[in-house]
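All chains are identified by letter, namely A, B and C, in their written order; residue positions are counted from 1 within each chain.
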């Protein structure tokens, strides 16, 4: 559900201008409050200090290490979720047994706060990447599986009837008609899962600490290092933003035949 | 899987040497759940006939078409073609829908190739036949376009080409020109007649437009609603002599008027009977 | 409930029962070590103990208060902003860039910031829930407002309604299905962010309990609390669906 996904005809330059404007506005407000001296420099450090820290951490590769670690966990979990979730979703649409078996699991699991299971994962998998990867995978699995199931079950019946009258068999129709027709919905699930994977990874890292974006911000918070917290947030924001744009690009490429009827909204 | 053994290369448009197949329907009844949709339908469509199903909404004409196509299971009565009883969909009964139902992720050419792939036709022959059909419906330049890039009329032509590619005995059409503007509709009607005269197939054509039914059909089943049934079958076979141009002469207009009266009468009767029984729908 | 309905519900949730049985069997059969996965029967015993002991209700209440406060605030603000954005292009141009910045930000990353700014008490948690829930509400209200059939608005104006009346009576009602969808998503998000926050810096609440039991090694109580949280999330989602369906019963399905 990307609010930035709208492709208004004449809007593009205007929207970009407003976007840049908003960023500048926030920076100006930040500078203003910090320089004005009214606000405790601890609660709101000067932008200069934050950028200095960013530069420093970039130079000594701390940021690179954190970003790489978090992204690796998010990516691994995301891939597992897609590899398991898409077939499960297709099975749910294809067979009555699949639907019967997975429906309650997804109904209960979807709204459940998966982060609550983190202590269990820590118990089972110890510390390190694995519990976080599992957390990400479980978070994204429900999204991918339910989007896939919805997409495959929602293929317009006229398409299936056309395929049948063109001589195709049931199994073949599923592969050649249902799956491609469901692709926009499947991509929706995948696209929503991308930011979710990052959110889940960072959220989990908040609990485990250690290396990683979440871990760094948490340590900064614990050490009451507000400059560290703010710089960590800036990094998080940037990473999230880049991921978002990349996934939008991927969607446009894969669904080029969908033309104007495509953006995830 | 039905194999069409009489195919010979290059015979796509002509369908030559194959006697068309007729349709025999008897005692057909159908309900959706507890709602009766069709009652006591008996109909025989002769080989090579262009038969229209005409009626207001709710008269079950589309349901009848879907039953012939094998998309809905027959609950009561029989439907048979010369190939045997109808139990499921098959390439002997091609269908064209009002919403075109083209595969949006495939180009026009790929859509048309789809049925040929299913029939196991050899690769080079597939392409040849597909392109011949695409040219026949005047979409030659758009073979590699996606449906979303085409206008309504063009999409409908692509859908017709796709269905014709498998050379079905029977062509089922569910208000195929309903989504098009009036001018395009007229052009498409004439093109359809031209194709039909060349290929000599049985066509069952659903419409609610009296003019269209009279312009296209050899015979018209006028249907009524509440319950859905065929009330009268009207002959309109003055079309055959006219080549591919639908001249709107005296015979045409008088037939239109009388059919129009029938439809109007049926609609009023249906209105009264549904008003008498509230909640019967 | 008629016996038929009960049987139907049982059939629907049977896979969960099967999984539960598999859980118990796996531990009893020694396939899994009981320290890793306490048998389901032990977890049930802990569940009963928690309820009879009573302290859990206090924790649940604390969590509930935070959740409801943050969520309600988010609903009010989010739906309003979303409707405004959907109705007036100026509002859209102004607010959208800020939302674009908020969207990719993992809300859990804000947790340490809230700790610093507002301390370790309820305020930070409520604010986190508020921020975490805002986005789906705004986006859905926006989509709902945009999707309003222009003809409906024209008809209303034609019948003499002024701008404000149009907004309240027509736009909001027509956008209601999307808004309800947004609230449903926000509800799920609120659970996640609250539990996350309580796990990290809570002193009470259900999330805090999970972490606390975990670190004390009382795993069956930990599992029991997690089950309570999941059940609560599920129940809330279902209840909301019922409420939403009732509110939107004019919609043809």
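In this text, a contact is a pair of C-beta atoms (placed from the backbone, for glycine too) under 8 Å apart; a residue touches a chain by one contact, two chains touch by 3 or more.
Keep in mind the model is a prediction, meaning the values are calculated, not measured.
Viewed as a network of touching protein chains, the structure reduces to a simple linear path. Ranked by how close its mean Cα position lies to the mean of all protein Cα atoms, the top chain is A. With each centre defined as the average position of its C-alpha atoms, the distance from chain B to chain C rounds to 51 Å. Each chain gets one centre point, the mean of its Cα atoms, and the points for chain A and chain C are 18 Å apart. For the pair chain A and chain B, the distance between mean C-alpha positions equals 48 Å. Note for the complex: chain C touches chain A at residues 12-16, 19, 36, 93-94, 96-101, 103-113, 115-117, 135-136, 138-140, 142-143, 187-188, 191-192, 194-196, 199-200, 207, 210-211, 213-214, 219, 222-223, 226, 229-230, 233-234, 236-237. On chain B, the positions that touch chain A within their shared complex are 1-2, 66, 69-71, 88-91, 93-95, 97, 99, 101, 103-105, 114-115, 118-119, 146, 148-149, 162-163, 166, 168, 172.
Here chain A touches chain B in the complex through residues 156, 158-159, 161-169, 172, 176-177, 180-181, 183, 257-261, going by the rule given at the top.
Residues 1-4, 14-15, 18-19, 21-23, 26, 42-43, 100-105, 107-108, 110-120, 122-124, 195, 198-199, 201-203, 206-207, 213-214, 217-218, 220-222, 224, 226, 229-230, 232-233, 236-237, 239-241, 243-244, 265 of chain A are the ones that touch chain C when the two sit in their complex.
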